[in-house]
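Structures for review follow.
After this come two complexes, each holding chain A, first together with chain B and then together with chain C.
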Partner chain A sequence: MRRLALLAPLLLIIGFLTFALLRMGGQDPTAMLAGPTATIEEINRLRADYGLDQPMPVQFGIWVGHVLQGDLGRSWITNRAVLGELIDRLPATLELLLCGVALGALLGIPAGMVAAFRRGRFADFASRALALFGFSIPTYFLALSMLLIFFYVLEWSPPGMGRLSLMLTPPPRLTGSYTLDALLAGDGAAARSAFSQLILPVVCVAIATAAPVVSQVRAIVLGVLGTDHISYARAQGLPHAMISRIALRGAATPVVTFVGAELAGLVGTTSLIEYVFAWGGVGQFGLEAIIKGDFAVVQGYVLMLALFSVAMFLIVDLMVLALEPRAALR
Partner chain B sequence: MLLTVEDLHTRFITRDLDDRVRVAEALNGVSFGVGEGRILGLVGESGAGKSLTVTSLLGLLRPPARVTAGRALFEGRDLLALSEAALSEIRGSRIGLIVQSPRSALDPLARIGAQLVRVQRVHRRISEADARSRAEAMLVSVGIPDPRRRLEAWPHELSGGMAQRVVIALALINEPHLLIADEPTTGLDVTVQAQILDLLHEQVRRRRIGAIVITHDLGVVAQYCDDVAVMFAGQVMEQGAVAEVFARPAHPYTRALLASVPERLVLGTGKMLGGPPPDLYALPRGCLYGQRCAHAAAQCAAPPPMSATQSGAARCHFAGLA
Partner chain C sequence: MIATMLGFAPLARARGLSRRSPMAAIGVLILALFVIAALFEPLLTQYDPVAADTTALMKPPGGAHLFGTDANGMDVYARVLRGTRYAFGIAIPAVLVAMLIGVPVGLLTGYLGGWTDEVLMRGFDAMRVFPSIILALAVVSAAGPSLVNVVIVLGVLDAPVFARLVRSEVLALRSGGFVESAVAAGNTLPRLLFVHLMPNALAGAMAQSAVRAAWAVRISTTLAFLGLGIQPPTPEWGAMIRQGAEYMVTGQWWVGVFPGIALILLSLGLNLAGDGLSELLDPRQRKAG
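Moving on to the complex of A and B:
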C-alpha cells in the first residue's frame, strides 16, 4: 500500500522528465505541421495556439491541470483526443503482450526448471544455448527474419500488415482482441485470419520473454535446491518427486516476481515488434509519435506505460501475498 | 551393536583451474559403534569430520564429495551399499536426523502439521486423520504446549527452541531405531539448550533407541552420553565409555581436548590446542595428529593402529603406555 502512496509523485516525476526531454530534443512539431510553405508569422501563431511560446514550467503546469481533469490533450497529427487514441489501440497491444509473455513463460519456466534439475547434462546446455540465442538477437531483427522466413520464403504466414487480412472487415468490438471478438461474433473467417496474423508477432514477444526467464528460473531453482530445507527434506527420506515439488513451490514467488517485472519491461520491446508487423497498437502509436514529435501523444503514452508498470507490480505483490505465508508480515 | 561403522573414507574430488585433480581426504577410516539404548557423543574440533561422517552414512553427500570405502552396518544392512531409494526409506523412518539450524531446515511453505503428517505418510500406511492425531500427541511429548494450534503454525512463527522441538518431533514420529543429532543446540539460548538436551536424553531413554550426538562441547558429552568417540582429521582417535575415557584419556589429543575449554573448540582455530588441523589435500603419511603432538617420536612416521586401552581403544603408538 506504501507503493500506492508513492504513485502520485512517481507519475509527476515521470511526466516532468518526459515533458522536459521532449522539449529539449530539438524537434519542432509546429514547423512540420505548418508545412513547407508557411511563413514565420504562421508558425509563430501555431506555436502560440499550442502554448509552446510559454515558459516550460508554465506549459507543464497547464498539462498537469488538464491531465488531472482526464484530458491528455490532442494529437497534433490526427487531431483526435490522445486518451481516445490510446484506449482504442490498447487492446491490440495487450493482446500481443499478454499472449507473447504467457507463451514465453509457458516455455521458459519449464525449460529453466529442467535445466536446473538436469544441471550439467544435455538438457541444461540445450536450454541455455537457446536462451543465449534469444538474448543476443535484436528484437527488430528477429521480427524481420521471422517475416522473411515464414511469409516470404515458406509462405506459411500472412504478411505482417496489421491484425486482420485487408479483405475482411473487423468484427464488432467487445474485448478489443480481433481473434476473440470474431469468435464471439461467430465469424470463422475473421477469427482464422486474426489468429494467423497474431502468431508471428506473439512468437517474437515469446522469444524475447523466454530467454531471460530460462536463465532466471534456472538460477532460482538451483538456489532453492541448495537450501537447508531441501537437504533436510532428503534427510527425512521424502521421495524425489515430493522434494522437487517442495523446491518448485519455493521457487514460485521469485519466478512470479521476475515474470511480472519482465511483463512491465517488455512493453518497450513490444513497440518495435508492433512497428515491424504494423500492429497498430499503442506501442507502434507511441513510437511513431516520438519520431514525429507529437508531444501530447508521447506524454500520454509514457504516462500510460508508467501506470501499466505500477499496475503490474501491484498484481505481482498481490500474487506473492497469496503464495507466501511470510509475506503477510511485511 | 545397532550401528557399526568400519573404515569409512570420504573424499572431495575436484579439478582445479589447470584441470589437475585435487583430492581432499576428509574422512580417513572412521570406525565406531552405537549400541542399542546407548548415546554416543561424537566430539572433535570444527573440521574434524563429525557432520561429514553423518552425511556420508545417510547418503546425503553432494558432489564433489563421495564415499570411497567403508562399511556401515545398520539392522543387518550396509548403508553405504544401499541404493538411493532404499536409503531414502531408512532415512526419516529407521534413522531420524536432528539438524543444527531447525528454523531454516523446516519447509517454510508448509504448516507444522502438514510436515509432520507428510513424513509419516511417506514412510508408512496411515490415514491423514490418524497421522494428524499422532502428530498432535508427538508435539505434546516433545513439550510443545497447545499442540492443536501449533499444528496450524508456519515455521517462521516459531522460536528457535520451539522449531528445534518440532524437528525432534519430526525425527521421532516414525519411531526410529537410531537418532542422530548434529549439534542440536547450536544457536539456541543457554537455558533452551539444556531443555532440548534433557528432552533428547529423556526420549532416547524412554524409547530405548540408540543415538549419536555430535557436539564440540565436552560438558554435553559428560552429562548426556554413554560412549564417546573423539575425532580428529577424519579419524576416530579414541573411543570408549565416557566415564572411562574422561578419567583416563589414552590419546594425547583427547588429553589436549579435556585440558582446553569448550569455547576454544567452538572457535575451531585449533591454535589453543597447538596448531591448525592437517592439510586435507596433503595428509602426513604417519599419525595424523603427529604434527601437533607433544609426544611425537620416530614411530609416529608410521600410521598408528587402533589399539586397546584400559578405557576403550585409541589410535596411538603409545596408547598402551600412556
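Moving on to the complex of A and C:
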C-alpha cells in the first residue's frame, strides 16, 4: 500500500523527466509540422500556438493542469486527441499482450518445473536450450522469421499487415478484440481472419515471455526442492506426486512475483512485435511517436506505461497476499 | 591481488571449463570465432562491405557471393563480417561505461547507506517501471542518434544493474572484520572503498558483464532496426535487418536472415559464456546451479 502513496509523486517526476528530455532533445516538431516551405515567422507563430515559446516549467505546469482535466493534448501527426488515440489502440495491445503472456506462462512454467524435477536429464537440457535460444533471438528478428517461414515459405499464415484482412470490415466494437467482437456479432469470416492474424504475433510474445520464465521457474523450484521441509517429506517416504505438490506450493509466490515483473518489461517487446506485424496497437503508436518526435503522444504514452507498471505491481502484491497471508504482516 | 581484482585468477581455472561446463565452452568457442571475424575480416573475404556493385544486385547465396548480395549489390557475407566490429565496438564500451558508473555508486551506497542509498535505489526502481528498449529509444532519439550517444545511453541505462550487484555484495561485507580493521588503520574513504571493498565485491559484477554485453548488442541493434542509431548502408546488423525486412516476404530472404543469424549466435555465445563465468566466479551460483 506504500506503493500507492508514492504513485502521485512518481508520476509527477516521470512526467517532468519525459517533458524535460523531449524539450531538451534535438527534435523540433514545429519545423516539421510547418513544412519545408515555411518562413521563420510561420514557424514562430506555430510555436506560440502550441505554447512552445514559454519557459519549460511554465509549459510543464500547463501540461499538468490539462492532464488533471483528462486532456493529454493533441497528436501533431494525426491531429487527434492523444487520450482518444491511446484508448482506441489499447485493446489491440492488451489482446496481444495478455494472450501472449498467458500462452508463454502456460508453456514456460511447466517446462521450468519439469526441468527442475528432472535436473540433469534430457528434459532439463532441452528446456534450458530452448529457453536460451528464445533469450538470444532478438524479438523483431523472431517476428520477421515467423513471417518468412509461415507466410512466405509454408503459406499457412496471412501477411503481417494488421489485425484483419483488408477485404473485411471490422466488427462493431464491444470488447476491442476483433476476434471476440466478430464472434459476438456472429461474423464467422471476420472472426476467422482476425484469429489467423492473431496467431503469429501471439506466438512471438509467448516465446519472448517463456524464455526467461523457464530459467527463473527452474531456479525457484530447485531452490524450494533444496529446503529442509522437502528433505523431510522425502525422508518420510511420501509419494512423488505429493512432494511435487508441496514444492509447487512453496514456489508459487516467487513465480507470480517474477511473471508480474516480466509483464511490465514485455510491453516493450510487444511494441516491437506490433511494429513488425503493423498491429496498430498502442505500443506501435508510442514507438513511432518516439521516433518521429510527436511530443504529446510520447508524453501520454509514457504516463500510460508508468500507470500500467504500477497497476501490474499492485496486482502482483494482491496475488501474493492471497497466496501467502503471512506477507500481510511484513 | 590485482590479478584477482581483474578476474585473471578465476579465468586461469577456466582451462577445466570444457570438462565442467560444456555449454560455457561452446559459448567461449562461438565468441572466439566472432573475435577472429572482427580482427581478420579483410583476410576472410575479397569483397569490400560497402562497395556497391550494380552488376550484381540481389544475387541469391552461392557462387561468387557466399551469402548473396543486397539491393545495392553489396556482398552480404562481407557485411556480416564487418558488422561484428560494430557489435563489439558498441557492446564493450557500453558495458565499461556501465561498470564505471555502476561500481562506484554501488560501493558508496552500499557502504554509506542512509538517504543517498534510499534516493538512488528508489530512482533505479522508477527506471524499472519502463521497458529498457522504450527508455533507450526515448533517450537516444532526444540526444541524437550518433554512435557515441548510443554507447553512453546504453552504459547509463545499464549502470543500475552493476550498482545493485555491487551494493548487495558490500552490504554483506560491511560488517566483516577486515573492513573494521581497515577503518581502524585509518584508511581514507576512497581507499577503503576501492582498495579494500572493491576487489571483494566485484565477482558478481564481473560474472554479469558478458550477459550485459548481450543486452547491449540486442538493444543497439534494435535501435538501428527501428531506424535510430546507425544508418544503412553502414554494415551494422540491425540496420542490415531493417534493409532486409521488406524482402523477407518477397523471397530475397538472405539480405536480412544472415545478419539475424549472426546476431543470434553472438548473443548465444555471450549468454553461454556469461553463465559459465558466473558459475566460475560466484560459488554461490554453483550451488543454485
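Just a few scattered comments:
Here is the rule we go by: the second predicted complex is superposed on the first by the 330 of 330 C-alpha atoms of A that agree within 3 Å, B and C clash if a C-alpha of one lies under 4 Å from a C-alpha of the other, contacts with A are read in each partner's own complex, and residues count from 1 in each chain.
We adopt the following convention: a contact is a pair of C-beta atoms (placed from the backbone, for glycine too) under 8 Å apart; a residue touches a chain by one contact, two chains touch by 3 or more.
Keep in mind that this is a model prediction, so the values were computed, not measured.
Taken together in the superposed arrangement on chain A, chain B and chain C fit without clashing. Looking at the shared chain after the overlay, A:Met242 reaches chain B, while chain C stays out of its contact range.
When the shared chain is aligned, no partner comes close enough to touch A:Met113: not chain B, not chain C.
By the touch criterion defined above, A:Ile14 reaches chain C but does not reach chain B. Of the two partner chains placed by the overlay, only chain B lies in contact with A:Ser231; chain C stays clear of it. In the superposed model, A:Phe141 makes contact with chain C only, not with chain B.
When both complexes are overlaid on chain A, the residue A:Pro325 reaches chain B alone and has no touch with chain C. Comparing chain B with chain C, more residues of chain A are touched by C.
In the superposed pair of complexes, A:Val202 makes contact with neither chain B nor chain C.
Across the overlaid pair of complexes, the angle with its corner at the CA centre of chain A and arms to chain B and chain C is 70°, in steps of 10.
The minimum CA-CA separation between chain B and chain C in the overlaid arrangement is 6 Å, rounded to the whole angstrom. Taken in their complex, chain C has these residues touching chain A: 126, 128-134, 137-139, 141-144, 214, 218, 221-222, 225-228, 241, 245, 248-251, 253, 256-257, 260, 263-264, 267-268, 271-272, 288-289.
By the touch rule above, chain A contacts chain C in their complex via residues 10, 13-14, 18, 21-22, 24-27, 119, 132-133, 135-141, 144-145, 147-148, 151-152, 159-160, 219, 222-223, 264-269, 271-272, 275-276, 286-287, 290-291, 293, 298, 302, 305-306, 309-310.
Listed in rising order, the residues of chain A touching chain B in the complex are 227-229, 231-240, 242, 246, 249-250, 324-326, 329. By the touch rule above, chain B contacts chain A in their complex via residues 58, 60, 87-93, 97, 99, 101, 104-110, 118-119, 122-123, 154, 156, 170.
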